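This structure is in structure tokens; I'll ask about it shortly.
Per-chain numbering from 1; labels A, B, C and D assigned in written order.
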Amino acid sequence: MNNMIGHFISGQHITQTQNSGPVFNPSTGEEIARCAYADVAVVDQAVQAATSTNAKKWAKASHATRLQVLFKLRELMIAKTDELAEIIGREHGKTIADAKGEIGRAIEGIEFACNAPQVTKGEYARNVAGDIDVFSVRVPVGVVGCITPFNFPIMIPAVMMAMAVSVGNSIVWKPSEKVPSAALFFADLWKEAGLPDDVFNIVQGDKVAVDAILEHPDIAAVSFVGSTHIGEYVYQKGTSHNKRVASFTGGKNHMVVMPDADLEAAANAFVSAGFGSASQRCMAVSLLVPVGEETANQLRTLIIEKTKALKIGAYNDPTADFGAVISAQSQQSVLKAIDQCVADGAELLLDGRAYEHPQYKNGYYIGPTLFDYISTDMDFYKQEVFGPARGILRVNTLDEAILVTNSHEFGNGSVIFTRDGKTAHRFFMEIESGMIGVNVPVPLPVSYFNFGGLRRSKFGESHLYGPDAARFYTKLKTVSQKWPEPEESDQAISLAFKIT
Amino acid sequence: MNNMIGHFISGQHITQTQNSGPVFNPSTGEEIARCAYADVAVVDQAVQAATSTNAKKWAKASHATRLQVLFKLRELMIAKTDELAEIIGREHGKTIADAKGEIGRAIEGIEFACNAPQVTKGEYARNVAGDIDVFSVRVPVGVVGCITPFNFPIMIPAVMMAMAVSVGNSIVWKPSEKVPSAALFFADLWKEAGLPDDVFNIVQGDKVAVDAILEHPDIAAVSFVGSTHIGEYVYQKGTSHNKRVASFTGGKNHMVVMPDADLEAAANAFVSAGFGSASQRCMAVSLLVPVGEETANQLRTLIIEKTKALKIGAYNDPTADFGAVISAQSQQSVLKAIDQCVADGAELLLDGRAYEHPQYKNGYYIGPTLFDYISTDMDFYKQEVFGPARGILRVNTLDEAILVTNSHEFGNGSVIFTRDGKTAHRFFMEIESGMIGVNVPVPLPVSYFNFGGLRRSKFGESHLYGPDAARFYTKLKTVSQKWPEPEESDQAISLAFKIT
Amino acid sequence: MNNMIGHFISGQHITQTQNSGPVFNPSTGEEIARCAYADVAVVDQAVQAATSTNAKKWAKASHATRLQVLFKLRELMIAKTDELAEIIGREHGKTIADAKGEIGRAIEGIEFACNAPQVTKGEYARNVAGDIDVFSVRVPVGVVGCITPFNFPIMIPAVMMAMAVSVGNSIVWKPSEKVPSAALFFADLWKEAGLPDDVFNIVQGDKVAVDAILEHPDIAAVSFVGSTHIGEYVYQKGTSHNKRVASFTGGKNHMVVMPDADLEAAANAFVSAGFGSASQRCMAVSLLVPVGEETANQLRTLIIEKTKALKIGAYNDPTADFGAVISAQSQQSVLKAIDQCVADGAELLLDGRAYEHPQYKNGYYIGPTLFDYISTDMDFYKQEVFGPARGILRVNTLDEAILVTNSHEFGNGSVIFTRDGKTAHRFFMEIESGMIGVNVPVPLPVSYFNFGGLRRSKFGESHLYGPDAARFYTKLKTVSQKWPEPEESDQAISLAFKIT
Amino acid sequence: MNNMIGHFISGQHITQTQNSGPVFNPSTGEEIARCAYADVAVVDQAVQAATSTNAKKWAKASHATRLQVLFKLRELMIAKTDELAEIIGREHGKTIADAKGEIGRAIEGIEFACNAPQVTKGEYARNVAGDIDVFSVRVPVGVVGCITPFNFPIMIPAVMMAMAVSVGNSIVWKPSEKVPSAALFFADLWKEAGLPDDVFNIVQGDKVAVDAILEHPDIAAVSFVGSTHIGEYVYQKGTSHNKRVASFTGGKNHMVVMPDADLEAAANAFVSAGFGSASQRCMAVSLLVPVGEETANQLRTLIIEKTKALKIGAYNDPTADFGAVISAQSQQSVLKAIDQCVADGAELLLDGRAYEHPQYKNGYYIGPTLFDYISTDMDFYKQEVFGPARGILRVNTLDEAILVTNSHEFGNGSVIFTRDGKTAHRFFMEIESGMIGVNVPVPLPVSYFNFGGLRRSKFGESHLYGPDAARFYTKLKTVSQKWPEPEESDQAISLAFKIT
């Protein structure tokens, strides 16, 4: 096969490679390309680019210069949305509408990166003591290593790198090897937007490339989004090489519904946020947690009906609600989780295991699957199921709902549906999640607020999106400055410590 | 000896211990007490206190409640400065004047912690899209482990913990086992200031206690100040247990002097900042880097004369400029470094090796020692010499001065003396240090700016002091909230990703 | 009478005066002192002090120097609370408990002024374009004229002036001539706290002094709190002399109660916030606005009973709930408003007009008075009644409650009692008031948020309290700085406008 | 003449008018159109549009919705730069290159307005006391009246209105009647960018329209840029109608040159910043203030030579350095100022009074004119000369330079050329100007910093550009919120004031 998806280093596409792996179209199950896999040497080549004179010029470039590239990038993203959505859909399996939604959020992230001059401002204080002024500046950290997941081929990378680049860093990015093409498309947009070569580099690959990034002494910071297992590894390995690391990982997002909620709306929200993108989102609603039997019974009826109506299809089927999962392996894993859940005694309300697409029998499809009576000791409850199988976990009280939500390993997004002010307030004060929704099923914040979970949904102290991201990608210099008068030359010696 | 310096847990002093070590008065060389050394069980006991109901109440206490404790603590620190200075001087060896200076900076840190309600404010945006409001709150991380060095028995702990406590955390603190008494004195002040028991806990000890802190699953964050070797270990071990860690380590602070500088003032600054506290400060000036031979020669003459005039003495000798170093071991280590530097060919201008205190022959004294012609390949240049031996490293140009400063392993504080605006600007833009002084020899920022070095002078992304410290000690929750209208109940299903 | 309450200028008490007026004890109706009234010359003398070398030194003093005065002031306020409460109560008539509450809020304002170094920080950006750095500093405006009302003799002045002084300004303050003694007491505290003479000056007096302040060319900013009529005059006159003016005026605070609210709690809140300090607070609840007849009827029963139980008394009667109003004139004015309201057809539920204190028959007492069926065309509704007469205005829906609240001339504080999240959200989004309470009857924000009404409750764009106050009291300098390289001397001529 | 330049109200161009005035091409002196002049009724019509349902929808629109319009506006401005530059040049007389420079800065202002969601964020604090949360939101003020000068037909309006619109306000704008066409062009761009009709309205006219804006009860805020005389009137009249007003007025910008400066660069800077746009900029350098005779003499020689080389021409002459002044009246006024300056005894170095354009004899040209020995008692010194006549004011010391600069009525932009750090620092600390340049001749800050002078160069407390502009265009609501527990219903009555 001559279709080799390669790296992007120093402004050049590089397709020669020693190692490579297959890339599939999940909607059909066909292998559609090969993806080059970087070894240590390729990663080093990318880092060398990212530390070149060109890259250093970008680090020192004026805000005015950098900003023009960001604004231009945004325009290009808008202009090429259709083309990019097709690329994403083909390798990922999500519907075109869903891909466009993702691109919209990517653009929103780029828009916030246009705030970089504002959000990276240092501070200035005159005469703090003894005629000394103190001020601070934020400067780029240098080279940022980015490692991104398959489920958002463009949104996560765009949000991450728009800010990292906007504040002056250069990039070595390893995309998911399952969706490598959107990355290259994005690289071309940066170049067209006027970003100097060497600032933005892509190494395709697998764990070899990840390790090479984590170990490289010239990479100062690592941003990761992906599964908890790998994210924890990335945090520990990256920091063991003294890097700063921000690692955003898995979720098992509980949606608590109170008896006073609008149940119809809650049911719609659950189905949309639960099955969208074949449930392959870290912000997907995983579990419905109705409070009280009456609430549970009503919601159960509603969501069975609504879920039954969902249409599955290929990414480019405009009538489809969601598509295939990412891979045959993933499909097997989800099916196994369903089997186990049945074995563990949950009640299977809807069974999507036997689903077969009329046209694409090899596509990685699973029909929408629903359980009731999930309990916290089941594997299905404990693990992040990355496919269209969702469940109901019944509780009797808000206290119990909060307790169960806080007891899960993950603390990414938690949501509540209620009309009551106190209930909502208690929920957001007591829930140990980084992102909380009140009558909002997917509490992914807008780009000018910060993204990040708590507990094992995030490793490291920083956030994606928002002002915190600008902090993560910069380091601070604080200057204490005093200009001497001519007559001060006989300033006396004093060895005691004193206020500045 | 019945004088056992113990732990402080749940508001109680605990002196029973299995293990302990000696505490010396460096000014006399006498053992003056024993210090209890915590084992894993003691650390666990402290963490249990720090996660008790009492501690959780503090985490949820109102800003108003917390603030009163901080203001009161400040008053007590001022009222008890003399008493505390004596305690510090006796175990550390620094002069009373120097100890009072340190306490002054500690108080300044507490004053900034009184800004906690302001600097921990979250953000609020109305109708970001679709009638959703987004807002955020900063909540305490939980238990903070603090590990502090001998050289500032109260300043570093106060700055660190005033903010950590002010934002609602509880503390498990391991002070340096060489200066354990100031810690207990500080704990009593907190208690007197009204801090509830269980919030502030001290475990005395050595590496056993450090490891227990780094490994304890209920400690969320670790703040460390100390040597680079240990600080790197703390960063790597703490993060390998998924904690957030801020580790502030060594310095080798270069003081560049340009020909246009006020040389008399520069010489005074060098002697003060170089030998103060027997050079045992991470912000001490380590090296004089004069630019040009003429500058070097003039400064050499000036600093020889000024250094010769320095008076050494016991901590409570009011005529002393500086005192003993912390321990016999440290004394030997500094003497060895001087010997090696002589052997490596530097010119020894002043030799303090033979110094003997007339009264306290067993005190850990070293006379002020000066070298010229230090070069970058000497061990004396490479290591952080924690004793009163300083050197001159001659360079010919500003370019060379910047290059040599940036080539050192450490990037803590770097300073320049000049009258020229462009020179100062180039210095702070090009120097890779976290704290930079322009005609200020010790660029330790005031408490409302951030403290922290670059390169191997800091591990982790956060800072001590300033608004960044408040961020390190808190975690963020971001809420997306929408209140439903009655008529919205038939909101349609849509699985595509969209702008919030 | 030899008890002349005088001015305070350049650190001196000045009791010689041409003009003066009586000061009464409202609890007894006795004249207890005379108060000097400043003429133009006295005001000018105060302004000259405030522009003296001493005052200018304060403007340039370091943050460290200024901060120590603020912290000390806070300590003194706490230590002297009892003494000050007595002074306030005697001239104002409010109970000692209420006066202490006021002092507590004054202290809170001083505490926030200890944030001045943080909240007045300028900004710094490197290389905005063409190697130019831009930074900004906030400097004091110079002399601030303060004009304060009788109803909070210490809280409003302390909040206002703690920040104004903390950022470096000097003060010319005209307190209410009805409560002149607390001002002098406060001046003594400032002096004891270490504030240099000339920075803080008091001119006692009436409109003559007000006009002299508003017209004086050396006063840069005027802060006013008081009635709308005068506040509008102050805004217009002050700005006609090109000053910046922040004028905080009257309120007619509506308390909307929804059927879902905790009616018992709401009734308690209404009685407390309605009659506290004999209703002489701009943040007092003026009107109860129950939504629905059932809510109205239940609340009516509750508040009649609770209001009946209120005890009136002299300021130093520890069993009193509230005391006399400020003056005989005010007493007459409130009585007339009640008469008019009866004449206009409202239902008089409780009639306090005939109240006579058993001991102090000349005290300015009015018993608690309650109306039902207030309508928006009544004078009683339109005007701010500064005495213990409150009313119920019945509405049928939340829409109507919002409409009526927004239709009033004033937009100071508006509150709602409800349990419903959407209702609360609609209320704060749609209500045109500067301060909004949700289940909080007196929505006076804490000192680190901003205070200020909308519509005719505030003239000018700034706020009291919070970060905005620091902005009002400072002016901004923005610096664009570039340091030339030697080789740049032949920079070409170009007359076209360009990006910096 | 049928070419009537009209108003723009509710998305419609309106050319019917009762009153009108001529519009000239300054480069040729020809009348090229008529401009409609609004009367009170037309202004009221515009205000009605700006308070319509459409406008109110914009005020409540989501940030996401508004932001898209701003980004699109920026794109259109870039795409149509050539067309707009032609329109500006024809009516104003500035060169096309200069007009494009202006448009570039206009775009920069729009770019900062894309930060609106970030810079208008409110704040949130949990549990300030008694389980009360406090938060704040910034909402649009409503209708903003804008009054802009002839000298920047697009830059000032764009900066002003991009932010005002971005935060949700609607606009009633009166452009200068001398350059009315750029305004209409801008209105069309807003419409094309998607701004709803009614939000952006233009009333052409003279003082009648200005007064109607200042007096209209439904206009909440007024932004003005123009001459000091009118700006003071606008401030006083606007505030007398209780509006918030920000009025940016004249400058007489001193350029101090120290003996250590790069004199060649300083001379170039003076000529560029002094004569650009025929000196019709409030940020133009008006006076050269050399320190010391030697500095003065060298600079004099350099600037005579450089000024002589300047080429005058029509706006569309690509070889011209600058063009005509705005009007025949302005031309006469500048010529008279030169005559008077000669009569007052200044030395006339270059005399541009007799300049005649070879082709356009009726164009309003004045040749570059230079004086030496300007003194502070001359009218030429005191007034803002809005035409190409500049002067040298000699001083002996930096002290004298600072004194003279601070003694001028205006405090807009002041600059110093020096290499010395202390000199620059003293200058920016001691100079009473809002914008300060260090080796930067036109210290107009970038759009993310604030613009505004001190003393009589600005009336009001706010700024153009930067975060302060977002504050001026919004008002603040602060919410104190508490959600009741069921069991709190028996909360006791307490009338004493207390901490929230």
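Convention: contacts are C-beta pairs under 8 Å (C-beta built on N, C-alpha and C of every residue); 3 or more make two chains touch, one makes a residue touch a chain.
Which protein is which chain? UniProt says A, B, C, D = CoA-acylating methylmalonate-semialdehyde dehydrogenase.
Please read these numbers as outputs of a predicted model, since none were measured by experiment.
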{"item": "Chain whose Cα centroid lies at the greatest distance from that of subunit C", "value": "A"}
{"item": "Of B-C and C-D, pair with higher C-beta contact tally", "value": "C-D"}
{"item": "Where subunit A and subunit C are represented by their mean Cα positions, the distance between them in whole Å", "value": "48"}
{"item": "Subunit C-subunit D separation of Cα centroids, rounded to whole Å", "value": "35"}
{"item": "Distance from subunit C to subunit B - Cα centre to Cα centre, in angstrom", "value": "43"}
{"item": "Sequence positions of subunit D contacting 2 or more other chains", "value": "63-64, 108, 117, 121, 123, 125-126, 128-129, 136-137, 419, 421-422, 424, 438, 446, 448, 481, 483-484, 499-500"}
{"item": "Subunit A partner contacts - residues on subunit B that touch it in the complex", "value": "95, 97-98, 100-102, 104-105, 108, 123, 125, 128-129, 132, 134, 136-137, 155, 221, 232, 235-236, 239-240, 242, 244-245, 262, 264-265, 268-269, 271-272, 275-277, 281, 306, 310, 321-322, 419, 424, 428-429, 431, 433-440, 442-446, 448-452, 454, 456, 459-463, 468, 471-472, 475-484, 486, 488-500"}
{"item": "Interface residues, subunit A side, partner subunit D - complex", "value": "63-64, 67, 71, 74-75, 108, 111-112, 114-115, 117-119, 121, 126, 133, 421-422, 425-426, 429, 446, 448, 467, 483-485"}
{"item": "Subunit C-facing residues of subunit A, complex", "value": "60-65, 117, 120-131, 135-137, 139, 418-422, 424, 438, 499-500"}
